[in-house]
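You will see subunit A twice below: alongside subunit B first, and alongside subunit C after that.
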Partner chain A sequence: GVSGTALQKNVSVGNPTKVELTCKLDDNSKLKNPQVTWKRGNETISHSSKTQNSWTVQLTISDGSQLGSYSCILKGEVEVSATFHLQVPKIDGKERPIITYEGDLAVMVCKTEYAPMAWTWYRTNGTELVAINLSSHTNKFRIKRQSANVNRLEILKLTKKDIGVYWCEAAFRLGSSKRSFELRVLSILAPLKPFIAIVAEVVILVTTIALYEVYSKRKEEEGEREFDQIEQL
Partner chain B sequence: PFPAEAGRAPGPPDGGWGWMVVFGAFVSIGFAYAFPKGLAIFFKEIQDFFGTSYSEIAWVSSIMLATTYGAGPISSILVNRYGSRPVVMFGGLLCGVGMISAAFCTSILQLYICVGFITGFGLALNLQPSVIIIGKYFLKRRPIANGLAMAGSPVMLCTLAPLNQFLFDNFGWRGSFLILGAILLNCCVAGALFRPIEAGTALVKTQVAEEGKDALKGKITEDGKEMSGALNVPMENETEEEEGKDCFEKINQYLDFSLFKHRGFLIYLIGNVLMFLGFFAPIVFLAPYAKHTGIDEYSAAFLLSILAIVDMVARPATGIVANSKWVRPRIQYFFSFAIAFNGACHLLCPLASSYTGLIVYSSFFGLAFGMVCAMLFETLMDLVGAARFTSAVGLVTIAECCTILLGPPIGGILIDTFGDYKYMFIKCGAVMVLAGTFLFIMNYYNYRMLAKEEKERKTKEEDPKSVRTGNEGRKNWNNDSTQDGPELEPLRDEGEGVKKEMNGT
Partner chain C sequence: MQAKDSNPPDGGYGWVVVVSAFVVMGLTVAVLKTFGLFFVEIQQHFDELASTTSWITSVTIAVFHLGAPLASSLCVQYTHRTVVITGGLLAFSGMALGFFGLNMVWMYATTGFLQGLGISFSWTPAISIVSHYFSKKRALANAIASAGECAFAFTFGPFFQWLISQYGWKGALLIIGGIQLNICVCGALMRPLASSCLEASHCKTETPPGNGVSRRDKEDESPIMHKTFNWMLVRRPEFVLYAIFGTLAAMSFFVPPLFLVPLSYSLGIDESWTASLLSILAMVDFGGRLLCGWYANLHVTKTIHLLAMTITLISTSLMLLPLANNYLSLAIFTGFYGFFFGTTVAIHITVLADVVGMPEFDSALGLFMLIRSTGGFVGPPLAGLIVDVAGDYRAGFYMAGATLVLSAGFLVILDRLQQRKKRGSKIRTKPEKSTLPYPSLHLLKHQ
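On to the complex of A and B.
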């Protein structure tokens, strides 16, 4: 690190693995030969190695309890630190509510960086999560595996009863991560109101313009007729 | 029977109802250019919904753009046959139907058809006639009218982008498409404003050579002189046309292919086709480039907003500048300068690495982009004249169609191959500077040739024993006064009426 602000980095770890964390000092930093400690929370990690301007610690992550935040602290004229957050891979999905219509199809897609062991989908029933069982609702739900790390839930023949929050869960050896989706089902009449309003506006404007044109043409013709009459006189 | 028309000036009104037409063109052109760009907001959702890849969704946009530009000649033919108003109203209806049916699509293929072809074709029927009718309503103030009408594009884009987001958040993509279909029907309102200005359709098109652009004033007074002298010409025209109406003539009536022999048209065509290779790519890649240099998403989007706002102001301003008496006779030079300026901006862009640098680039780019767009059609009108513009614009857009579609993908390939955006900017900048220089040199040559032809014509005119062949008689007609039969009748009658009065007193 260079400045006084703390640096953060997220490291996604899905399966038990060995992780190497390195803190490297910039050549133009004020610190010269600092004292370096690696910490996780309050406990210090002893086995770290040092090269010219970098300090490395090797960790073996074998279960979920070993995940968390690891920091390297460099003490010298000033104190600088950087933190690595070791966590299970997060799920990418839609942030905003999903808006669909009655009778239509709803699609929820979950994507992770690394492939999980299993994907599970839940539906919120009151306060608890109920897993979606494909065998009991064959015509309602479809789960498609687009690839190892992309999973997709399709809800068919939507009705207002399907409104609610749905969850997808990616299970890794070291833990699991979840993401929620809010589903809204609108009736077909909802967009129809603004639609009809705009169509009405178009019709009114076109009619007004047409009428104005007829009116101004008639005025011109009246003016011509008067002109002719004056000529004849 | 013709007193009202005899009282009308032998040229476009340059005002009055014309400003309503400019407003209609503003709306129509705005939708035609901004709507495809505004749809990009829906693509991610549709991609997830149908489970397709990004490139399959991008095809919707490409098909739409290709149809809008590729259907140009069809649009021109229809305008030549029926006039601007019915074509635009039908186009608006088609757009509306396209988007409404898109709301009920169940596959990506149906989206290609509904959004891509049908709506794209409707937009093509909107774009061309709007530009054409400005040429019919304006002459002296035409650059201003063009600049104002073309300003519709950035204004619509700035309106559509947040509107689309709002619709999407509240109605999902299906509901949004339904409502957008209704919004597109407003193009019919724009079309209703396009009151036809000539009596009947222009079926008789004389082959008029372009004039030397000494001064427009000079031409209009010349007009007055020539009309009394060459009143026999209309009769000759009509009989000649009736005799020579074979198949080729018939096609030429609807789409003037003889334009390919027109020097100015060819210069414009080659220069523009070259320019469009580098015109749109920088806009497409500006936001990704900004994110690539580490700028966050909202600031990157803000760059595009700056571009649009500067663009909005630049277009009418360019129109006013182009209308001034110093620039108008040399408008082709101004256009070449604007293109080269555009290119210079792109060439300098790689030097801008900070956010402030990119803001400066976006502002200048917006200015340059607006300048070029404002004069895009004005310069074509200037070169071929209002009568042949209808066909010219159709032929130009279909030629541009290819390079417009190729531009961003070529830029994308450059970025992917070198992993660096600067080569794309260098390519675009180089292409545009080249196009600008080409246009500058060729238009210098063109102006000289036109001045020479003007001199020749004047010396022939002064010779009273010159035989007025059909060709030469036609050459004497001012481009910008209408040449069709019905238009000439009232003037001829007026002339005869004056003679009668003189005999009577």
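On to the complex of A and C.
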């Protein structure tokens, strides 16, 4: 539905298909009988059908160049518009850097709304993207296809040399989308330092408390002995 | 003079114990509550299902409840201090070993079982020793100690997130384990009270010469201090009634936090606002606990009446909560629910102590936790079923509210039973005024 300020909507399109975009006016809108134009950039498109309060355009998307932003503009007492962004499905994945340890296993998971034709993984080497070839690194990388639209890269036996940016690419007929992951490899000493500091603090506190209690008990006993001695006198 | 259990200090060193219990609450329950942040990380790393990963927390909670009676019987044999220090070491080992993250079963054993056992051995004695150290100010002391859970949970959310972002989930577990080692420091501070009965293997209270001892005296005194776990508690109707109350209440307690987030999403409220609802819940919970402790300390109302009132207020908030249709109304009702939840938690342990009396308290606490856990296990699945059948999350809140009203009924029955017993014993002791009817005087003779 359209009413008020400019609206946006993302439409994911992976394979060639027919798409129908509809702009519908709310019943309580101020606009009555507006003039409607569908535009893509500066180009005007003719709309396919029209009812009382809705205007539809039908598009046949057969290749990547036909993707982009399509808007419906309603001109009347006020002007409202809504934009549809037709794009290749985006990839969902972890946004924050992936933190692992030397000798450990790193996991990167990419997920899309619709299944792509192919998945490829890359590693950044300087400014270039180098594809990860499983056959040449059999014990280092593992790629698992968890389902058609979820793909998983595992990097084994991590070393500091593995630090860097990795990419997963989902190839659709209409184009491809990519996502990057930053991999950080820490040495085990990194968390060990605060850990040992805390353990040391605990040991110091417990020893202090124990010593204080022994000391105050001894004082109490001395005090009692004096008291008994005074009583005897 | 070292303080005696029969004559608790009601202050002084007791406040040190309260602070250390406050910290133990934080380092146990608050860690458990915030563990959800590790969920997605662990699930992705081991390539497991969400349900399989959630068993980690289920194991922790199960071991926590099953370990409570074991912990309380160990408290009676060894001191509270020893059990808490053991608990601290267990919890620490659970998290620290979790750092090695070999596989999912390893995580069940470490962050599940060891952590649960550690939490159980730390939490149960900490709660118990506060009640031993206080009598008149017990309600206030318990309330302050229980507020530790909220205070720490509030800060652990962002803190754990930061740890995970700096050290990854494995490193974060190691550091949290170290932090939990501070439970041992708290345990070291929990000086045992010298009870004249704890030194000897058993103690007998003298009965006055002749058969002037009334039947009421025989019931009130426990002639032998129980060194081992006391299963006889299940014979006492007051305990049974309170345990049923606890079970029904537990059935309802886990439901609102579970369904608040989905209900919020279904109303169209987005993620960050929903997260703020949980923060509101934690803050008013904290406030409720302290306020209830202060009020109970005034001794204006009987604790069991106060508990019945708070339960009724929670169930009212829960029944009204489904009426919310936007963020503001949901936030207000959540605030009321959180506040009264805090008041209930603050007072319910004190009521247990009042119901069973201090000699039996340790065993009662453990047994109560064990029985109550059944409610905690049945509640969420049952609520889930009701929500699925009704097709609406609001049904879960109605169920929780109704269960609480039912539990309040048992409190009322318990109160009537206690009043009837008191009235009955008052009639009996009238001719006995010449002899010594008070058990505490017998204990004093032993010193």
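Simple rule for what comes next: the second predicted complex is superposed on the first by the 228 of 233 C-alpha atoms of A that agree within 3 Å, B and C clash if a C-alpha of one lies under 4 Å from a C-alpha of the other, contacts with A are read in each partner's own complex, and residues count from 1 in each chain.
Criterion: a residue touches a chain if its C-beta (ideal position, glycine included) is under 8 Å from a C-beta of that chain, and two chains touch if they have at least 3 such contacts.
Everything numeric here is computed off the predicted structure, so don't read it as measured data.
Colleague: Taking subunit A as the common reference for superposition, should the pair subunit B and subunit C be classed as clashing or as fitting?
Modeller: Aligned on subunit A, subunit C clashes with subunit B.
Colleague: For A:V214 in the superposed arrangement: first (subunit B), second (subunit C), both or neither?
Modeller: The answer is neither, since A:V214 touches no partner chain.
Colleague: One more residue to check, A:L186. First (subunit B), second (subunit C), both or neither?
Modeller: both
Colleague: With the two complexes superposed on chain A, say which partner A:A148 touches: subunit B (first), subunit C (second), both, or neither.
Modeller: Neither partner.
Colleague: If we overlay the two complexes on their shared chain A, which of subunit B and subunit C does A:V130 touch? Say first, second, both or neither.
Modeller: In the superposition, A:V130 touches no partner, neither subunit B nor subunit C.
Colleague: Touch test for A:Y101: subunit B only (first), subunit C only (second), both, or neither?
Modeller: A:Y101 sits against subunit B and subunit C alike.
Colleague: May I ask you to decide whether A:F195 touches subunit B, subunit C, both, or neither, giving the answer as first, second, both or neither?
Modeller: A:F195: touches subunit B and subunit C.
Colleague: Examine A:V109 and indicate which partner it touches, taking first as subunit B and second as subunit C; both and neither are also allowed.
Modeller: Both partners.
Colleague: Do subunit B and subunit C touch any of the same residues on subunit A, and if so, which?
Modeller: Touching subunit B and subunit C on subunit A: residues 96, 98-101, 104-105, 107, 109, 144, 146, 152, 186, 190-192, 194-195, 198-199, 201-202, 205-206, 209-210, 213, 220.
Colleague: Along subunit A, where are the residues that touch subunit B in the complex?
Modeller: My answer: residues 94, 96, 98-101, 104-105, 107, 109, 144, 146, 152, 186, 190-192, 194-195, 198-199, 201-202, 205-206, 209-210, 213, 220, 223-224, 227-228.
Colleague: In their shared complex, at which residues does subunit A touch subunit C?
Modeller: On the subunit A side, the touching residues are 96-101, 104-105, 107, 109, 144, 146, 152, 186, 190-192, 194-195, 198-199, 201-202, 205-206, 209-210, 213, 220.
Colleague: Residue numbers of subunit C touching subunit A in their complex, please.
Modeller: Touching subunit A from subunit C are residues 2, 44-45, 47, 96, 99, 164-168, 170-172, 174-175, 177-179, 181-182, 184-185, 188-189, 191.
Colleague: For the complex, which residues does subunit B have touching subunit A?
Modeller: Interface residues on subunit B, with respect to subunit A: 3-4, 48-49, 51, 169-172, 174-176, 178-179, 181-183, 185-186, 188-189, 192-193, 195.
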